[in-house]
Each structure stands twice: as structure tokens, then as C-alpha cells.
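Look at the two complexes coming up: subunit A is in both, with subunit B in one and subunit C in the other.
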Partner chain A sequence: MTGAVIQALMSHWRRHWLQLATLLIGIALATGLWSAVQAINAEARASYQQASDQLALGLFDELRDPSGPIPIERYVVLRRTGWQVAAVLEGSLRVAGRTVQVMGVDMVAYPALPAVTQIEQSETPPDPADMLTAPGRLLAAPDLAQMLRTQSGLPPVLTSDSIPPDLILTDIGVAETLLEKSGQISRLIVLPDQPVGVPPLSEIAPELERVTASARLDAASLTDSFHLNLTAFGLLSFAVGLFIVHGTVGLAFAQRRAMIRTLRALGVSMRRLIWMIMAELTILALIGGTLGLILGFFLAGALLPDVAATLRGLYGAPVDGQMSLQPQWALAGLAMALAGTLLASGHALYRLARMPLLTGAGLHAWRGAAAGQHRTGLIGLILIAGGFAIGFAIDGLVAGFAMVGGILTGAALTLPFLLSLALSMFQRRARGPVAQWVWADMRAQLPGLSLALMALLLALAANIGVGTMVSSFRLTFVGWLDQRLTSEVYVTAIDNQQGRQIAEWLDPQVDAVLPIRSVELTHEIGPLFLYGVEDHQTYRDHWPLIATSAGEWDRVMAGKAVLINEQLARRAGLWPGDTLTLKADHTLTVAGVYSDYGNPTGQAIVSMPQLDQIAPGADTRRFGIRLAPERATEITQALRQQFDLPRQAVVQQAAMKAQSLAIFDNTFVVTSALNVLTLGVAGFAILTSLLTLWTQRLPQVTPVWALGLTRAQLARLELLRSVLLAAFTAVMALPLGLVLAWALLAVINVQAFGWRLPMFLFPVDWAYLFLLTLLAAFVAAALPALRLMRLPPADLLKVFANER
Partner chain B sequence: MALHIVAGIVQGVFMLLNIEKVQKSYPGGRPVLRDVSLTLDHGQTLALTGESGSGKSTLLNLAAALDSFDGGEITLDGTALSTLDDRGRAALRRQSVSLVFQQFNLIPSLTVAQNLSFHARLANREDTEWTAQLAERLGLSDLLARYPENLSGGQQQRVAIGRAMAPRPKLLLADEPTGNLDETASATVLDLMLSLVAEAGTALLLVTHSLDIAARLDRRAHLTGGHIA
Partner chain C sequence: MNVRAWLCALILLLPSALYGQGYAGLGGSAEGFDVPQPIYQFEFPRDHGPHPTFRIEWWYLTANLTGEDGRDYGIQWTLFRSALKPTEAEGWQSPQLWLGHAAVTTPKTHYFAERLSRGGIGQAGVTAEPFEAWIDEWHMRGLDLNSLSLSASGAEFSYDLSLTAQGPLVFHGEDGYSVKSADGQASYYYSQPFYDVEGALRLPDGDVAVTGQGWLDREWSSQPLAADQSGWDWFSLSFDDGNKLMAFRLRGGRGDFTAATWIDPDGTAKPLPDGSVSFAPLDTAPVAGRDVPVQWRVTLPERDIEVEVSAITPNAWMATRFEYWEGPVSVSGSHSGRGYLEMTGY
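So, the complex of A and B:
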């Protein structure tokens, strides 16, 4: 019996292969987009994890000298008094046109460095002595190791999987020679198991600061919000894909009702049927899910290099641009496909299970009644209201996303009701019989198309919302760059002394030389970079302040106040009038807050004498140079020649802006790629709905044909209908998209990144998107319309002849 | 050629429909109509009988300019159907013929009232008084705001007849209009149809299985083996 039932169930798919393809594509798209985002996230997270685990960077406290490198004598003293510390020297090195980070660790003091332990446990362990004695050994990831081996003049290279890309790990002695920084120490790692009774730091090394592991912002938490954004997008794409699945399964079940009724009449129990249909859905979900995984893998592979660039550029987080396939990822993707398919089919299954044996309700009864439309519309309104309520009542990123989710879902649910309202309005105004029919017919078609239209609404709203956010951000960012990068040329000297020489040399040739001096402090919200500036009209004219108090610059320059960046202000809740403690017994009033996009950490500005007091002896190696813009190139070259400075030490403002913008644009490449993909999926959802509705279309269209319209006219009307429905949806997506943009700019961004952005409107983009939508709807309807135009009259006539 | 047209016009004065040696086969099937000839004058009623599958519906559809034929000629109200393209056939359906099928005649998305006036409005011959009278006489006055899916089979067929008669067509083609109805409903629908046709001077070509029904019409024709017997 089971065999016969399977055959009966399968026969449906053989006759409706397009429906089967649609269903599989729907599952594949949903799974693919979701898995791609997951793969990207997992890959990036794995990279950070590698970085912090293997180097044990995130685990231990550190000692730092706020004013610069730690002298070797301090290290000796600390170790002699019993402190278990290991010296680290860091710097960057250019090898064959690529910048790599070099990290030298005192391996005598810290032999248990995880990456080293791992190599020692390998099949061909190196002789520990080789690591420590000249020429030493370099440890690098396979990819980098291969490249390093081709370079002459470097010590032998060992390969380790557990080292982040673009990093060379070695003994501090080797690093000294590589980086040409002998006798310098960047920081000290405080190892676990300190002996009891060591003298306190304040006695033996008062200038050193202990930075606890938890006080440092680690890459993972910094980039969390970025990943959250991606995840939200992945979820949206998943949902849009499920719309396709829901629509197709619903129709397939509706078309199989007669068969199922027959099977039941023949004695197959409903229970058995439901189980078999579940099994069928499971198999389909697994097939579609596997296709989706393949899609997701390639999609992630295509997007990952951009994501890697973004994360490196924006957060300095080390991410490999390579994809590796992980079994848990595949399993999770398949589980998601299965769960999604069953979720999307649940409603249809439920209705099937409740179907009475005898009633002969056809497709009409299957369609949602007007009452249902009202009910979902009402639920939608409640969701929207709930979303706003959560957004305004509760703080935090999750509440922000809950708000956005509520508004989006709610709006999608109210869409059919609103569309039906608009259509009946137009119908009432229509004059000719054909026009009247077209409007009425669109309304009749709505239930079958509403899921696809909801998907379109969401995709369009996401497009408008995210597009508005990105464009607003970009506009603000460009304006901010102009304000912030006021000097025409920036130069970084090798040390204090060269800095002084450069300043003296420049002074007679340019309008102004503005020293920039900074130290890194810690604050409860994480690292805090304190900058000292010299009083100059440039700052007073241009600095991008978003909150001020009377005479802020005068007070800062008088050493009475401090300016802080927006990130610090929002995270620590500091605004003009509040006080900020920079160091023990050194507290200043906050005089103003400035915007500081793209910077993950806190920052503050004081006058130069204040900085000297807080951190005496801080280097002055950076200078901003004011001069006539046309002389920038000339001075840049002269500086490089005169002081034998490397290229990156002298940067022109224009190049810096271009670079910043490139990083910025990179950040949103992924977002816009997902945006376009989501829109594509929505277009596909419309196509599939139209195709699956095809059999229901003929009884609607044929009587009109018989009464004297040509097939060509009817085909044109089909196109018009699809385009009109998409146009209505697009019109409703605009306000929704703007609400979304507002939520992203004013709520999500503040929670995730610590800055609030002004919102700008981009009507030209909307017009473009609108046209794109109409085009998508036209293309989606083109196939069914063409089919209708080419349909032989004999086939149309079957509608009147067949008992359906 | 000119003679042909003149002949057509002359014919049209007496004859509304002239079917001459028409042949028709469907793709991949045996010929359904081998050599069918039949005429119908203005205002005349004719019953077409024949066993199932003999091609009655096929012939009716050809006369209604719904489908094209392989040989012979059909002249409707002076127009040779073989000379028409898709648009010409559509125009003819709009202006000269009305159709009632066994089922699925109505436009599901329009109300009864909208369905009733649809054909007349398409043909630009709407006569609201006549349409109202039709609704009244067909017993549809209380159902005007309903949608077809909420009507019984008999009610649906009455709407179909009302819609077909609203433009006062020269020819009404009906394909077993009562085939799906029980005896009483069937009799009501047929009575109404015949009286309306007589009143409007419309010619009627009715396909039926029932000899009783056939007996009530002016003429009878029997289709068998692809010919009119």
C-alpha cells in the first residue's frame, strides 16, 4: 500500500515539475543566503579566536608604558624581583609588497606560548635551541610561510596553522633584528602564577600601567555589531526565501486535495498520509538544503574577501580571506532548511489534516477570505505598535532589532489589506468594463500573490532603509573627513628628535606646523586615546563638534576642560558639563563632544601642556602641516627626501581621504550585495507565484477571451497587473524603508557603534529602485504572459469542456 | 474575389450563419468534422444533437470564432471567418455572437450585476433598461451584488443567459446550457432562454442531448461521423 501511495503522491510532482523546481529553489535560496552569512561570520570569528587564543593575547593582563616603549632595564628589574612577565616587541614589516605584523615574544620567559607548544608536539619538532639562537626561526601561517621562504635574508620559517594570517611570531631577539628596534619592548605580558610576595608595581616601576585583560576591547566584541547586522540580513533573506516555499507548498497541497481525498476514500488513513507527506517534505528540504549549501559556500567565498578587508580596515581585526568547509556549518544549514520548510508548510499541512473527507470545496475555499485579511492586518498593526513600544521603552541592540523586526513583520502582514483597499478604490473609479475587470481581478489574485508581494515589500524596505543609512552615513562621513582632516599634509617622524628637526625645517616654509601628540590611557569603557593639540584657528574653525558648551576651545586651551569623541560620550554617558577622570587626581570638565566615525575606541583632546602633565615625555612624532593645497605634493616629496622618510610617513590629506572612503565603501559592499540578492529573491518569488497560479488563472481569463478580447490583449493586461501590484507595493515600501532607515541610524547605530547619524533622503535612488522593481515585476510576468499569448484556442476551450 | 464578397453580402441578407464543407481536426487526432454544412437564418432556432464526442462543441466553437478550422468556410453575418485574424475574431465575438456554455461562463472576480452588463459594455451597446429587465425576468434582482462562486448552478446559468442577451446579439450559441442542471431548473432556464430569444429576434444554435428540448426548436440537425445527417 505504501508503494502505491508514494506513487500517487509523486505523480503530482511529475506533472508539476515547475512547481517542484520552484520549491527546491525556494529552499535552496533561503538556506544558501542564510548559510553564506553564517559561514562569513564563523570564518571571521574563527580568525579572531585564533588570534587571541594562540597568542594568549586576550587572556593575560599586560604592562604598558603610556609614554612609549618600555626600556629593557625595567624588564630586567621586574624579572629579578620575581615578576613572571614576558617581553613582547611588535612592529610591522614590509615583505615583498605586503605588510605583515611581527610579534617577538621572549620565549625564554614564556616557553609555553600555545603556538610554540603546538609545533613542538608535531611530528618533526624543531630543536628548542634553534628557536632562540641566531638566526632563530619564524613561525607563520602556511600561506605566509610559503611567501617568506622565497625571500632571502630571513631566518628559516616554520609553518603553524594556529597563527593568524599576516603575522610572524618569533623570539624577541629575532624580532629586534627584523624590526631594527634593539633594546625596545612594546609591552609585557603578565603570566599566570605570579609568586607571592613580589614587590608592587608602584615601587619598582611606577611609570608602568597594568591593563587587565577584561579592560581591553577585544576584536570579537568590537565586531559583534557588524556580525549582528550580517546575521539580521541573513535572517531576512531566509524569511524571503521561505515565502517562496510557503506559497508553493500551499498550492501543491491545494492541487493534491482531490487526490488525497481519493486516497482516503480508498482506505489510507489521514495519519499515514500526513506522515508520508512529512517524509516527502523532509526529503525535499534535504535536497533543497544541499543545493543551498553549495550556493552558500560559493556566495560566502565570493563575499569573504570584502568582509575580511572591512574587518581589517575598520577594526584592525585579523581575518583570513579564505573559506574552509566545516561540517557543523553544513549540518546547521541542513537543519535550518528542514526547520524552515516544515515551518513554511505547517499551515498547509494543518489545513490538509483538518480537511473533511467529503466536502468538495475547490481552490476557492482554499483562498483566504476577506475576514482573514482583516485579521492579519490587525495582527500586523499590533506588531508595528509593539515594535515601536519596545524600541522606545528598552535600550540596547537586541531591543533595537526587536523593534525593526516587529515593524517589518507587522508591515508585511498589513500589506494585503492595504493593497486590497487601494485596489477596490481604483475599481470603483474605473469606467470601462475591461478596466473594472482588471482591478477586480487583481483583487481576486491578491491572496495567491500576497506572500510574494510581502517578500517584495520587505526586500524593498530593506533596500531603501539600508541604502538610506549607508548613503546618509557616507555623506556625513565625507563631510566629517573634510572637517577632521584639516591639515594638507600629515607627517610621522621616527622619533622625538627627528620630529623636532622636521618642525624646525618646515616652520619657515608653511603656514603652520601643528604637533599631534597622543598617549593611550584606560577608561572603564576600554582604551582611551588622549591627544594634545596646540591652539590654532584650524581646530576652532573646523572641528566636528556635535555637542558644545560656551567657549569650549578657550577652556580646553586654558587646561580646564576636555573634548571627547561621541563613542566615549555615549558609552560612558558623558556630555558637556560632566567630568572625566583621565588619571588619578586628574579630572577635567567635558566641554564638548565631537563625531569620530569609524573609530572603535574612546578619544579625548586636551591642550598640549595638559597632556605633558598627564603623561610627561610623550613623543611628538606626528604633525599636521597647513599650507596652500597646491604645494602639498611638493612639500611631501621634499620631506621624504630631506629626512629619508618612508612613503607612509608622509601622507597627503587627499590620499588619506581616498583611503578612508575606500575602507568605508568596502564595509558596505557586503551589505549592498545582500541587498541586491534579497531583491532578486523577491523578484523570483513573484515569478514562482505567477507560475504556480497559472492553472488558476485560466478560468479567470478564458470567459473574458470568449467575450471578445484577444490573447495578446489579455497577455498585456497580465503584464500590466504584475507591474501595477509591484508599483503599489513599492509605494508602500517607501515609508517603511524610511522608518527602517531611521531605526538603523538613530537606534541600531547608536547601540552598535556608538554614533548617531543625521538622515538624508535620496529620491533619485528611490526612483531608480522603483524602476528596477517595475522591471523585475515585468520580467517575472513576462513568461506567464508569453505563455498565455501563445496558448492555442483549443487549450483555452478545454476550460469550458472540463469538469474541474 | 469580388464575386465572392458580393455573394457573401447577398447571402447575408437571408442567412445569418452559413457553414460550408467545414473540416476540423485537433493536433494529433483523427478529423472531428469531415464535411459539415449547415445554415441558420435570422431569428431561427436550431437544435444540434449527436452522440458524445461527435464534435458538437467543436462546431459551435468554430461558429463562435473561438477557434480556426482546416477547410471550408463559415460566414457569419456576411463575414467570412477564415479571413479574420485574432483581432478580427475577437471583434466578431464582441459584436455579433453571444455564448452560453455548460459551465464556467462567468467572470469569477465580478459581481452578478457586473457580469450581466459586461458583454454589452464590451460591445458598446449597453442598454441599462433592458439589462434591468433581463435581471428581473431571470429572477436575479436579489443576487446582483453576489459573486458567481456564491450562486447555485441554475442561478449561474441564468446570469450567463442574461449576460449573453444583454447586447441583443444576432446569434446566440449555447452548448448544453442545462447539462449540469436538474430537470426543473433545466426547464426554467430553457423556457427563459427561448422566450428571450424570440423577443429579441436572436437566432439560436443550441447543442443538446435531449430530444424533448430539441423538439421545441424550429429546426434540428444531427451530427454523426463528422457529417450532418
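So, the complex of A and C:
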């Protein structure tokens, strides 16, 4: 008996292979997009973890000198009073147009660095004498190692998988030569097991600050928001994919009703049928899920390099661009596929289970729909209200996403009600029987299409919202770059001495030479970069302030006040009039707040004498040069020749802007890609829904045909209906999208990045999207319409003959 | 003192790589380093200082102490120098590496600490005049070797001691040229075994004032061990009658190699050739997952010596980067006294 039932169930898929394919594609798309995002997140997190494990970051406290590098003598003083510390020298190195970080560790004092231990335990351990004496050895990940080997003038390179990407690990003695920072130390790692009776830091090295391991912002916490963002997108794609599954399963079940009735009449119990259908769905889910995993793996592999570039660019977080397959990822993906499929099929299964033994096939889809619409509409309104309430009541990124989720879900749930309302309005105004029938029929169709339309609404809203956010951000960013990058040429000297020479040489030739000097301080919110500026009209005219107080520049230049960036202002809750403690006994009033995009850390600006007071050791190597724009190229070349500077050390404003914009655009590549994919999936959902309705449509259309409308007329009306419904949905998606954009700009961005952006509107983009939606709806309806047009009249006649 | 530290110090340069190679690396050629010669004119204070052209060198002090509480204590203070190249350079570029070991042994517990540094930056080193040997905050210093202050600390202990020499320097082997194997590997080796020691130990249970006797070993070489030698047992014994005995056994494939120096109370030293002293383990104790002989019979027929040497604290294990046993011992039998024992390769 079981065999016969299986055969009967399978016969359906044999006859409807396209439906089977649609179902599998739906499951695969949902699983694939979700799994891709999960894989990307897991890969990035694994990279952070590996980097922080291998380099023992965040494990130990550190000592830093807020005013600059620590001299070796200070290290020796600490050591000779018993402090067990290990010296680290860090810096960046330009190699063949690529910037790599160099981390030089005193491998004698701190030989237990995990990355080093791992190399020593490898099959071909390096000779420590080679590591510690000139020329030394560089340790790097395979791809960087390969690149470094092609460069001349570098020490021999050893390859290790345990080194994070874009990082060279080496002994401090090698690093000081490589970075030309002889005798300097960037930070001291406080090793475990300090001896008894060590004198306090304040007695022996009061200028050093102890930074506890937990106080430092690590890559994982910095990038949390980015990953949450991706996860939200993945979930949205998953939900949209499930609409397809829902549509297809609904169709399959509707078509199988007759068969199921027959099977039951032959004595198969409903229980048994339900179990077998569940088993069938499970197998389909596993097949679709596997396809989805393959899709997800390749999708993630394609997106990961961009994500890695973004994370490195935006947060300096080390992420490998390589994908690796992990079993738990595959299992989680399959579980999602299974859960999703069963969830999406639950409604159909429920209805099947409650189907009376001798009920007719087909036409139960539209009964009792109106009451349901009111109920879901009400739930939707409650969700929207709840979303706003959470967004306004609670701070934090998760609350932000909860708000967006509530608004989106709520809006989707109210959609059928709103559409029904709109349609009945048109219906009342309609003149003539055909028009009235069209509107009434659309209303009747709504419940069957509503899920697909909800998917479309969500996809459109996400598209408008995210598109508006990215475009607004870009516009703001471009404007901000113009304000911020005012100097015509930027130059970076090799050391302070050359810096002085360059400044002296330039002084008589240009309008102004503005030093750019900074030091890294620590603040309770994380690292804080303190910049010193010279009093120049350039800053007063152009600096992008978003909150000011009277005479802010005068007070800053008088050494009485400080300007801070938006990130610091929002995170620490500091606004003009508040005070900021830069260093013990050094507190200044906040005079203004400036926008500072693309920078994850806090920043503050003081006058040059103030900077010298706080951090006398700050480098004077970078300068902005003001001059007539047409002389920029000439001066750039002259500078390079005069001081034998490498290309990247002298950059013109335009090149700098282009570079910044490129990084910016890269940041949103993934977002845009997911955006387009979501919309595509939504279009596909409409198609499957219309196909689902197809069998149910026929008995409704046939009487109209019998009354005299031609099949071609009916097909045109089918197309019109689909396009009209999509148009209505698109119209409703617009305000929702704008609300979403506002939430992203004013709530999520503030929480995630620490800056609030003004919102710009892009009607042309909307029009384009609107047309795209109509086109998608047209294409989706074209196949059913074509079938209707070509249907032999005999089939239409059969409808009357068939029992209903 | 002898070969023991060759390995310790070489391990310093080869963090974990050497374990795989066994002892083969120690028998290697001297690669540009100077090699000890049989006729050598020591010159002081110069030779109390470092010899960077030799591969390896140490300043090794042990002391048997008695606390005001009447209990026996032992301390160790060691500074090893190990050269990657036979040169010296400024700053981080220095190829000279330094390793410090310090320990306090109480009747119940053994505390130890280890320090690593490179030369060139001033974190560790030795100067001959005035004499100072240091790594981090640990130091052994004085105007000359006759009166020294000594200090070291770890996570659980520290000590501050002053040492006063009551006798002359003692040269081992042929006037300080000490042969280490039948193949002729050798080192320069002299000692100051006549220190009176006083000072205080700071232990987790509180401070203890101590007095006692100390023994300093100075040794340097470039080519320490024969390839097939696997470990050693080294004794420095001070008898109650004022005589002292330094004796060691190198265990190896072609039979053991032994050497010893008999030191009269006035400092007159007599080298004793291979085979003069015999060593027999009487009892072992489980220490750090292995059986270590902590009770020995040492016999020297030509001096009528037949003594039992017993560890005061069996678990005096140095779980440092290179692990070994080093602790105070008591002597009974034909003669009584006390001393220090070091064992490696177990």
C-alpha cells in the first residue's frame, strides 16, 4: 500500500516537473542566500579570532605612551625594576603598491607568541639564529609571502598559515630596520606572572598608560554592527525565498486534492498521508537545501573578497578573502532549509489535514478571506506601533533592527487589507460590468496572491530604503570630502627631520603649509586620535561642523577648547559645553562637533601648542599644502624629485578623493548585490503565486469567457491585473521604503557607525524601480496569460462539465 | 660548575626546535667561535666579564643556607650568555642572548623563575669592573668578586643576600682547562666555593633571615658536548672538615665520563681524572612525571670518601624552558656535610 501511495504522490511531480523545479529553486534560493551570509560572517569572525589568538591580542594589558613611541631606555628601566613586559614595534609598509602591517615583537622576551610557537613546531622550524640576527626572517601568510618574495631588498620570507592576511610578523630587531624606526617601541605587552615587589608604574614611568585588555576595542566588537547588518539582509532573503516555497507547495497541494481524495476513498488514512507528505517535503527540503548550500558557498566565495576589503578598509579588521567549508555551516543550512520548508508548507498541510473526505477539488482558496484580512491588518498595525515604540524607547543596534523588523513585518501584514480597501474603492467607481468584474475579481484573488505581494513589498521597501541610505550617504560623503580635503597636495615625509626640511623648502613657494600631526590616546570609549592644527583660514572656512558654539575656532586656537568628531560625541555623549579629559590634569571644553565618516574611532582637534603640551613626541611628518590648484601637479613632481619621495608619499587632492570614494563604494558592494538578489527572488515569488492560482483561476474565468469575452481579452486582463496589483504594492512600498531609509540613516547608522546622515530623496531612482516592478509583474503574469490565450476552448468548456 | 648549562643556554636560542634534534646540535663545530685552548693565562678582573667570541658562558651561584627557624634552604642564581654569532652589536641587533634562572628551595617546596633577554639594549649583561651581572631586576654585583650582593625574584619569592669570599678562586682541570669528553671537548672553568652568605628570603609564608655557604662557578666554551652524551649528574659537596669536592658524571653511549676536583680548606685544588669517583643511585623519587635519583652513593677511594648524598627536597625541579633538577643535598656516611646536586637528561 505504501508503495502505491508513494507512486501516486510521485506521479504529481512527474507530470509537473516545472513545479518541482520551482519548489527546489525556492528552497535553494532561501537557503543559499541565508547560508552565504552566514558563511561570510563566520569566515570573518574566524579571521578575527585567529588573528587575535595568534597575536595574543586582547589577552594581556598593554603600556602605551600617549605622546608617541616609547624609547628603548624606558623599556630597560621597566625591565630592570622587575616589570615583565615585551616590546612591540608596529607600522605600515608600502610594498609594490600594497600597504601591509608590520608587527615586530621582541621574540627573545616574548617567545611564547602563539604564531611563533606554531611555526617552531612545524616540520621545518626556522633556525632561531636566523630569526634573531640580520637580515632576519619575515613571517607572512602564503599569498603575501609569495608577493614579498618577488621584492628585492627584503629579508627572506617564511610562510605560515597562522599569520593574519596583510601582516608581516617578525622580530623587533628586523622590524626597526624595515620600518626605519630604530630604537622605537610602539607598545609594551604586560606579560603574565609578574614578580613580587614590583614598584608601581607611577613611580618609574609615569608617562606610560596602562590599557587593560578588556578596554581595547577589538576587531570583533568593532565589526559587530556590520555583521548584524548582513545577517538582517540574509534573513530578509530567506523570508522572501520562503514565499516561493509557500506558493509552490500551495499549488501542488491544490492540484493534488483530487488524488488525495481518491487515495482516502481507497482507504489510506489521513494520518498516514500526512506523514508521507511530510517525508516527501523533508526529502525535497534536503535536496533543495543541498543545492542552496552549493549556491551559498559560491555566492559567499564571490562576495567575500569585497567584504574582506570593506572590513579591512573600514575597520582595519584582518579578514582573509578565502572561503573554507565547515561542516557545522552545512548542517545549519540544511536545518534552516528543512525548518523553512515545513514552516512555509504548514498552512497547506493544515488545510489538507482538515479537508473533508468527500470535498470537491480546488476552490477553497478564497472563502472567509475578508475577516482574516482585518485580523492580520490589525496585527500588522500593532507590530508597526510596537516597532516604533522599541526604536524610540531603547537605544542600541538590536533595538534598531527590532524597530525596522517590526515596521516591515507589520506593513507586510497590513498590505492585503490596504490593497483590498483600495480595490473596493476602485470597484465602487467602476463603470460597466467588465470593469466591475475586474476589480471584484482582483479582490477575490488577493488572498492567494497576498504572500507574493508581501514579498514584493518587502523587497521593494528594502530596495528603496537601502538605496536611499547608500545614495544619501554617498552624497553626504562627497560633500564632506570636499570640505575635509581642502589642501591641494598632501605629503608624508619619511621622518621628522625630513618633515622639517620639506616644510622649510615649501614655505616660500606656496600659500600655506599645514602640518597634520596626531597621537593615539585612550579614552573610555576606545582609542582616541588627537590632532593638532595650525590656525589657518582653511579650517575656519571649510571644516564640516555639525554642532557649534560661539567662537569655536577662536577658543580652540586659544588653547581653551577642543573639537571632537561625531563618533566620539555620540558614543561618549559629549556636545558643545561639555568637557573632555584628554589626559590626567588636561581637560578642555568641547566647542564643536564635526562629521567624520569612514572612521571607526574617536577623534579630537586641539591647537598645535596644546598638542605639544599633551604629546611632545608627536610626529611632524604629514602636511597639507595650500596653493593655486593649477600648480599642484608641478609642486607634486618637484617634491618627489627634491626629496626623493615615493609616489604614494605625495598625493594630490583629486587622487585622495578618488581613493576615498573607491573605498566607500567598495563598502556597499555587498549590500547592493544582496539588494538586487532580493528583488529578483520577489519577482520569482509572484510568478510562482500566479502559477499556483492558475488552476483555480480557470473555473472563474470560464463563465466570463462564456459570456462573450475572448480569450485574448481575458489574457490581457490577466496581465493588467498582475501589473495593477504590483503597481499598488509599489506605491505602498514607497513610504515604507522611506521610513526604512530614515531608520537606517537616523537610527541604525548612528548605532553602528556613530554618525547620523541627512536624508536625500531620489525620485528618478524610484521611477526606475517602479517601472522595473511593473515589468517584473508583467513577465511573471505573461506565462499564465499566454497559457490562457492558447487554451483550447474545449478545455474551457470542460470546466462546466467537471464537477466543482 | 660544568656541562649542565651548555644545554640550557643552547635551548634558549632554539626555543623548541632543538628538542627534535636531540643533543646532536651540541656536538657541532664551533663555526667561527673561539675554542678553549689547553694553555690559557687567566686575567682578572677581565675574565670575570663576558667572552662574546665564545658560544656559551655562565655565572652560576648556589648556596646552602640555614634559616633563623633552623630549617635548611637552598638558593640558585644563574645567568647564562649564549651567542648566536661571535660578535656584539648595539640595540636589538645584538646576537648575544641572556637567560636567567633563580630558585629558592625550602624543605617542602621549590620556587623558581626564569628570565630571557638579548644583549645590546642593557636589559641584561655582565661588566667585569666593577663587577655586575644582571638580567632585569636580578643582579649579582660588587666592587670585585670577593664581596657581592645578590638578588632575584619570581612570582612567589624573592631574595636579597650578601656574599663574602673567605678563600681564593679555584681552577678546575689543568689550571682552568676542563676536559668534558674522551674526544677532548673542553671549557674554561673556575670557581669561588668559599662564600659566607647572609641575608633574607621572602617567601609566601613570610620573610626568613638566613646564613650559609655559597659556591660560584664561572665557565665558558664553544663546543660543549660529545655527540653521544645524553645527560649528567653534577655534585658540589662541602664537608664539615672544610674539604670540598666538585664531581660530575657525563652519561653517554661509550660509557660514562667522570671528572672531579678535590679542594683543600686553604683552596689548594687537585684534579681527579676520569674514573676516580664513582656514582651509584640508591633511590629515586617521582618528579614531574619521571623517576629522578634523589639519593646517591658517591665514592672516592683515594680520599676514603664513601658518602650518601640525599636531596633535601626531592621535587627541586626546574620546569623552565629546559627542564632539569637542581637542589640542595645533605651528606652522610664516611663524611658529613652539605652541597648542591644537578641532574639533567632524566
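For this structure, a couple of remarks:
In this section, the second predicted complex is superposed on the first by the 730 of 804 C-alpha atoms of A that agree within 3 Å, B and C clash if a C-alpha of one lies under 4 Å from a C-alpha of the other, contacts with A are read in each partner's own complex, and residues count from 1 in each chain.
Convention: a residue touches a chain if its C-beta (ideal position, glycine included) is under 8 Å from a C-beta of that chain, and two chains touch if they have at least 3 such contacts.
What you see is a predicted model; the values in this text were computed from it and never measured.
When both complexes are overlaid on chain A, the residue A:Pro793 reaches subunit B alone and has no touch with subunit C.
Of the two partner chains, subunit C is the only one touched by A:Asp106; subunit B is not. When the shared chain is aligned, subunit C comes close enough to touch A:Gly173, but subunit B does not. Once the two complexes are overlaid on the shared chain, A:Gly82 sits against subunit C while remaining clear of subunit B.
In the superposition on chain A, contact of A:Pro616 is made with neither subunit B nor subunit C.
Common to the subunit B and subunit C contact sets on subunit A is no residue at all.
The part of subunit B that touches subunit A in the complex is made up of residues 26-27, 57, 61, 64, 66-68, 86-87, 89-95, 99, 101-110, 114, 117-119, 121-123, 149, 175. For subunit A in complex with subunit C, the touching residues are 72-73, 75-76, 79-82, 84, 106, 108-109, 111, 116-117, 120-121, 125-129, 132-134, 171-173, 176, 182-183, 193-197. Against subunit B, in their complex, subunit A makes its touches with residues 364, 432-434, 436-437, 440-441, 443-444, 699-700, 702-713, 792-794, 796-797, 799-801, 803-804. For subunit C in complex with subunit A, the touching residues are 13-17, 20, 84-85, 91-93, 95, 97, 113, 116-118, 121-123, 134, 136-137, 153-158, 202.
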